[in-house]
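We just call them A, B, C and D in the order they show up, numbering each chain from 1.
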Amino acid sequence: MEPAPLNISAYVVLSAILFAMGALGVLIRRNAILVFMSVELMLNAANLALIAFARFYNQMDGQILVFFVMTVAAAEVAVGLALIVVIFRTRRSINIDELSRLKD
Amino acid sequence: MGLETFLFIIVGAVAVAAAAGMLFSKSGIHSALFLVLNLACVAVFYLMLSAPFMAMVQITVYAGAIMVLFLFVIMLLGSERIDLGLTDRRLGFQTPAAFALAVLFIVVVAAAVLTGQIPAPQPVNDVQATTHGGPGEVGAVLYTRYLLPFEMVAVLLLAATIGAVVLARDVIPTKRSQRAQMGRIRELRQMITTIETEAASAPGADGEGAEEEAAAPAPAAPAGE
Amino acid sequence: MEVFDLVPLIVFIPIAGLLLNAWIGRYLSEKGIAWIACGAAGLSFLVAVALGLGLAGGSEGKIVPIVDWIKLPAVGVDIPWAMRVDTLSVTMMLAVAGVGTLIHIYAVGYMHGDARFGRFFIYMNLFLASMLLLVTGNNFLVLFVGWELVGLCSFLLIGFWLHRDAPDPETGIIGGIKNTNAAKKAFIVNRVGDFGFILAILLIWWTFGTLDFGPIQGAAHAAGHEEVAAGEVHEAAPESAPGGEAVAPVTPEGVCQPTGEGVFPMAEAFMAAGCNVKLGSAEVPIGTLIVVVTLLMLVGVTGKSAQIPLFVWLPDAMAGPTPVSALIHAATMVTAGVYLVTRNNVLYEAARGVNILPFGLSPPDIVALVGAITAFMAGTIAVAQWDIKRVLAYSTISQLGFMVAAVGLGGYVAGMFHLVTHAFFKALLFLAAGSVIHGVEHGAHHAHEHGTHEARTFGYREGVLDPQDMRNMGGLRRRMPVTFWVYVIGALALAGIFPFAGFWSKDEILLDAFLRGSEYGDPTGWLVLILLIGAAAFTAFYMGRQVFMIFFGAPRTQAAGHASENPPIMTYPLIVLAALSTLGGLLNVPGLHPFGTWLEQSVPHAHTADFNVLLALVALAIAGVAVALAVVIYYMRPALTSDGLDRLQRPLGPLWTFLHRKWLWDEAYHNAVIRPFNALGGLLAHLDVRYLRDGLDQGLYGGFNRIAAFLGGDFDLGIIDRVVNGVGRVTQQLAGQARHLQTGYVRNYALSVMLGVLAVLLILLLPLLFGQ
Amino acid sequence: MELPTLQDLNLAVTLPSMGLALWACVVLAVGLFLPERRRHWNLVLSLGGIVALFLYNLTLFDLPADRQSAFLGMYRADNFTAFVNLIALVTAFFGVLMAYEYLKRTHIDRGEYYPLLLISTSGAMLMGASGDLAVLFVALELLSIPLYIMSGLRRPNAASEESALKYFLLGAFSSAFLVYGVALVYGAAGSTDLSEIFHRVNAGLILDQGLLLAGAGLMLVGLGFKVAAVPFHMWTPDVYQGAPTAVTGYMSVGAKLGGFAGLLRVFIVALPAVSGAGDATGWQDTIALIAALTMILGNVVAIAQRDVKRMLGYSSIAHAGYILMGAAAAGSPDVRDFAVSASLFYLLAYAFTNLGAFAVTVAIEKDDATNPQLDDFNGLSKTRPVLALAMALFMLSLTGIPPTAGVVGKFFLFQAAVNAGMVWLALIGVITSVVSAFYYLRIVVNMYLREGPGEAQAQRSFLGVAVGLAAVGTFVLGVAPVLFLDLAQRAVLVALGG
């Protein structure tokens, strides 16, 4: 490995950028699947931060957390995609802006 | 500039570009592929951060399995052309506000990180380099210290499976709902026969057609809205 | 076992009664229900009598623990439910249970045939239990529970006749004020008062660390104090002085330190030490704190006891059945405020010496002034009312003002004395008024059956007959003799005519005001005295007017002409109450002052002044003149002019309107609350809010237009009603605007989350980033 | 490599939550083979499990110190956990009881409902028991994912589906913030173990204060979403309105319980040092501000609602504000114990009261998939006096009028806020609870003072039991809170050395 490893802050800032982009996707995209994919991007960014910190401390804990986040993401995907399919069947659309019947 | 820094800049740029591509491409398929690219870049970072096992998991599970599922659903629904349809005027300010907030978020977190003066990590020695973050070490921690969350995740996956089945399965009419449905059909028939008898001059074929129509949606939508 | 251990029964018997009625009431006849309910009330009265006899034997009372209510030893919270038996609480128990029992019996006749007979008595028993809970409680929280519960019962009973909102289609009888609105108004206005009370309780808790009133005070007070001091309770406290003193109430830094004795002893000790109370990071002198507490309590008092400015609910509360008006809104619940001040006499007297308010006023002075002004104002309003129960309602407000003024002047004995006698004669008057109304309704039905449609058309207003409107009465003396006589007795007692009960108690109040002015040289005393004498004169006058208008002259409607006397179950309680109203003055007969001596056991600051013949004669003379005026105006000629106006209406002109419209309180509320709001709405409505159209849509614009349209409407009728409803409506409008944010769009919601994220991050991080 | 022994794992104390998850598998397996006319076994099995674990859980109070940790410190079996378990099991009990007939009536009688509810409950319990941020995160998902599914159960009802997707998308969004917060806290403190974090923060061994605070803030967002705190509350009314009523009822307490258990666990056990009580900034002021906004918005907007479920949704937002007030007060070291027990007690009181109110709403709801409106309560006191009385009791309790559970709970919370020096917050609490009288009272007025059909669906025994038990609970907690206060005050969180 390199004698002087890159400062960990760089990774964290990159993860913040990716995270914010994911959040941006949730806020601007109208397709439910894409919104969901943006959430995945956010989780992914968080994972990057975790691994970076795990490297900093030379520990396993951060990596294990990433493992759990991935598994949870998989579970979310199963449920989320099922929901999206169901909605599509009923409404023939997955534009979340059309999902606004429930309001005052 | 060391190799790591060089790699970081290159791969980081690709990762950000891929994320941007996911955000702004018009086609759902393209977005999904951009996300796969982004995930792969992050996997490279994992390798650089001495987490080889997680990097593999990232590629196989995340980019491989989960994203394929996404692609599959996009194609299944035929909704790769996306973001069509009406948008309310009231959402007009949404996009600029979202950009502002995202930028602000980056600024705030970066400020928090950068003011802290985090020291550079200790370089890993050779022994660590070969074992750290490998499957053996991950397994050892996962099955001892992290046994409880591991079990919980098992239950969670079970719940998600139940959920996917319950939600995606076609609604199977229970006897009760079938009975209710049959009752409704019988009423319709009754109505139709009365109409038929009243309108004696009309031929019976119309009535039969209506009858079929009434019966057709029965198994699909028992509860109604 | 002492007799005092019976005290839990006084609450549990009515509860048992109501449970029994709720459980098996539907299988019973009216008679069965009545026996259970009245039996429960009567039994609790007997318990009260037993307690009273026990106290009369010279014992100073007892605190009877019931259950550990809220207890958290780890953090030092201990609020038990204990009952306090002392002369003050027993006085209240006797009045509440005694008058309550009579009213229960009367109600059996009054409610006869009502579809919800059983329900009515369940509520009545519930009220009795709650009121007794209130007066027996040994700490502020139990008192507050009772306070809220009586409010709830009042709410339920005001709205009891919800079907009476519309005129009866057959006879055209209407039930008066809209019942549901009246109930809501009472509830909401009372919540405003309760709000003050809650804050007072929190402050007390905070300062003293306990809500218990403290040991039974009185003759044995000093001894008891020492006993506590030497006891084992505070052994471990580090500040214990070697001389066998109790925990010092003050730390060396001059901060008050609770000693765990109870609120009243601690308040005295703290005041003596003049220490500061730590409130968060600030330190507040104990005197200031007590002033704040007593003023907050006064807010509660004005709500419950219908004083300015929260009196507005009581006149409308007359929509409830008459026994309810008698029991809750005249004799018992509304006196809770007077009880509260008396119970807290230690705090009020402590606050008297603190001069931090402008004009050198102290909280008790403010109490006295509020009471006196209320008494005077309500007395004048009552002169110009038509509704028989409304006159009595304003009279009640006025008399409550007398009591509040009395306790504010430090005349706790006089206030409580008037509370008791007022319970007698006001219950009597209300029940007699109910008897009159019942009789007139009966007459209307009678006339309807026998005469064609005359009853419908003969009412004062075309097509409807309001059986409570005095213009529809007249000449009832012959048709309802028992009612007439008891009414006259009640009226004389209320007017303060010798030798009826009201004379004695009112005189003591005037005397207290006089002494406050002459002996202490306190100008408040003189002001109060003048106001109260004026109020007393008006009282005598409007009671005279009422009696002549109802019972004398010729019947002015068919209904009045056909009215008939009510059955004995209604008249007997009246007779008993009449007797009490006549003889009640003996309770504190001058020279002996048995009531004063009795109360001194539990009210440390109680005192009874000696009878002052001159003052009594002056008061009597003024009342006599007022009655004579009433005779001249309403008896010598027909009470109404030929075109149906009051004799005074034309001579007084605008003044009459002023009085009839309740001193323009409605308009005042309109100008002070509604109009500024209206103006603001108009202003905002004219601002160009187009740039917001995308976001908040027509939110502000449409919303304020709507508010303005609503507020700009017609305010002639029931403005205060609208103020109360209007404040609610304005809140509703605000709520309506706020929910425009709820667009239903997931992305908007996510944006809100994101905004929250940044807000949280910035709040947390900004000081860190820029602080260094 | 040492493998942990069974003794280290200390499985017995984790039984209430982990056992419930296991039992869910049993119920699921049995449910798959039940013919339609034996569906009641789902109910029987679920209730049986809940009751058995409830009784077992009672033995888990005051465990000796060496048994208070399980799974190598991942699971904390202190009194806090036991009390949270108690509330969660009560909630699950009512959730099951309330659902049985409702599911049949609305033709969504899926056997899967029960295991999902049980799993979700175990998630809530684990949030309270977590000794590590990893457990907290997984438990949060364990709580949420079944709720997403349950909200969408009423297919193909558009409202139900919409509510499920909204809940899901926003839930996933906010849990991403939670994960990021966990990452930052981990980065700052170098550990995910709560007591380890506590020690490092106290000893000044953290990497960077800014990271820690940012992480804490982001975790607050994730948990605030679960408890429906402003401004993370916007999903609440929509989801409450669209989800099947029985699910809404369960969710209104279950999700909130989990969120608060996690919130208290994290912020009191791990991060008390950055509460900012005193003069520094920290999470105490932030939570206090959120609490104030939550109380105001929830109570004010509830007034404008006609739909009962929406109204109860806003009401639940308001109550989250009250409990957050307790959480904020817990930031001051000297009132921490009192504030935590006050919050727990309020949660218990809220559980009984709100579940009762929802049970009545379920009883009122018509079969035609329209939501119950306020006017549906008109005249209920005539047609169903007992039901109306119970509802009145629940409404009084939610308003905070004696003698009900609500008033005792509110009293403690206000007291806690005042003791922590946040008088302004207590004032807002008092004022908003006066405001809340407007909308709670409206139901009572409709039931007692308005004429109307006021029909409840035909006599439904299980629902009746639920309403009755909830009413008894609400009343008993109001008049004799001693029984539970004792438990609540012992359930004080202490950062254990480790």
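Here is the rule we use: a residue touches a chain if its C-beta (ideal position, glycine included) is under 8 Å from a C-beta of that chain, and two chains touch if they have at least 3 such contacts.
Computed from a predicted model, the values in this text were never measured in an experiment.
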Chain occupying the most central position, where position means C-alpha average: D
CA centroid of chain B to CA centroid of chain D, Å: 27
Chain centre separation (chain A, chain C; CA means) in Å: 61
Length of the line joining the C-alpha centres of chain A and chain B, rounded to whole Å: 10
Chain D, residues touching no fewer than two other chains: 134, 138, 141, 145, 148-149, 152, 155-156, 158-159, 165-166, 169, 173, 177, 184, 207, 209-210, 213-214, 237-238, 304-305
Overlap residues in chain B, where contacts from two or more other chains coincide: 88, 91, 94, 97-98, 101, 105, 108-109, 111-113, 115-116, 118, 146, 149, 153, 156, 159-160, 163, 167
Overlap residues in chain C, where contacts from two or more other chains coincide: 739, 742-748, 750-751, 754-755, 757, 761, 765, 768-769
Category of the chain touch graph - line, ring, star, complete, other: complete
Chain C residues within the chain D interface of the complex: 67-75, 77, 141, 144-145, 148-149, 152, 156, 159, 162-163, 179-180, 183-184, 187-188, 191-192, 194-195, 198-199, 202, 205-206, 279-281, 728, 731-732, 734-736, 738-739, 741-742, 744, 746, 748-750, 752-753, 755-757, 759-761, 763-769
Residue ranges of chain A in contact with chain D within the complex: 12, 15, 19, 22-23, 26, 32, 35-36, 39, 42-43, 45-47, 49-50, 52-53, 56-57, 59, 61-62, 64-65, 68-69, 72, 75-76, 79-80, 83-84, 86-87, 89-91, 96, 99, 101-104
Contact footprint of chain D on chain B as seen in their complex: 108-109, 111-113, 115-118, 140, 144-149, 151-153, 155-156, 158-160, 162-163, 165-167, 171, 174-177, 180, 221-225
Residue numbers on chain C that touch chain A, as the complex places them: 739-740, 742-747, 750-751, 754
Partner chain A, residues of chain B touching it in the complex: 2-5, 8, 12, 15-16, 19-20, 22-23, 28, 31-32, 35, 38-39, 42, 45-46, 49-51, 53-54, 57-58, 61-62, 65-66, 69-70, 73-74, 76-77, 79, 82-88, 91, 94-95, 97-99, 101-103, 105-106, 109-110, 113-114, 116, 118, 120-124, 128-129, 132-133, 137-138, 141-142, 146, 149, 153, 156-157, 159-161, 163-164, 167-168
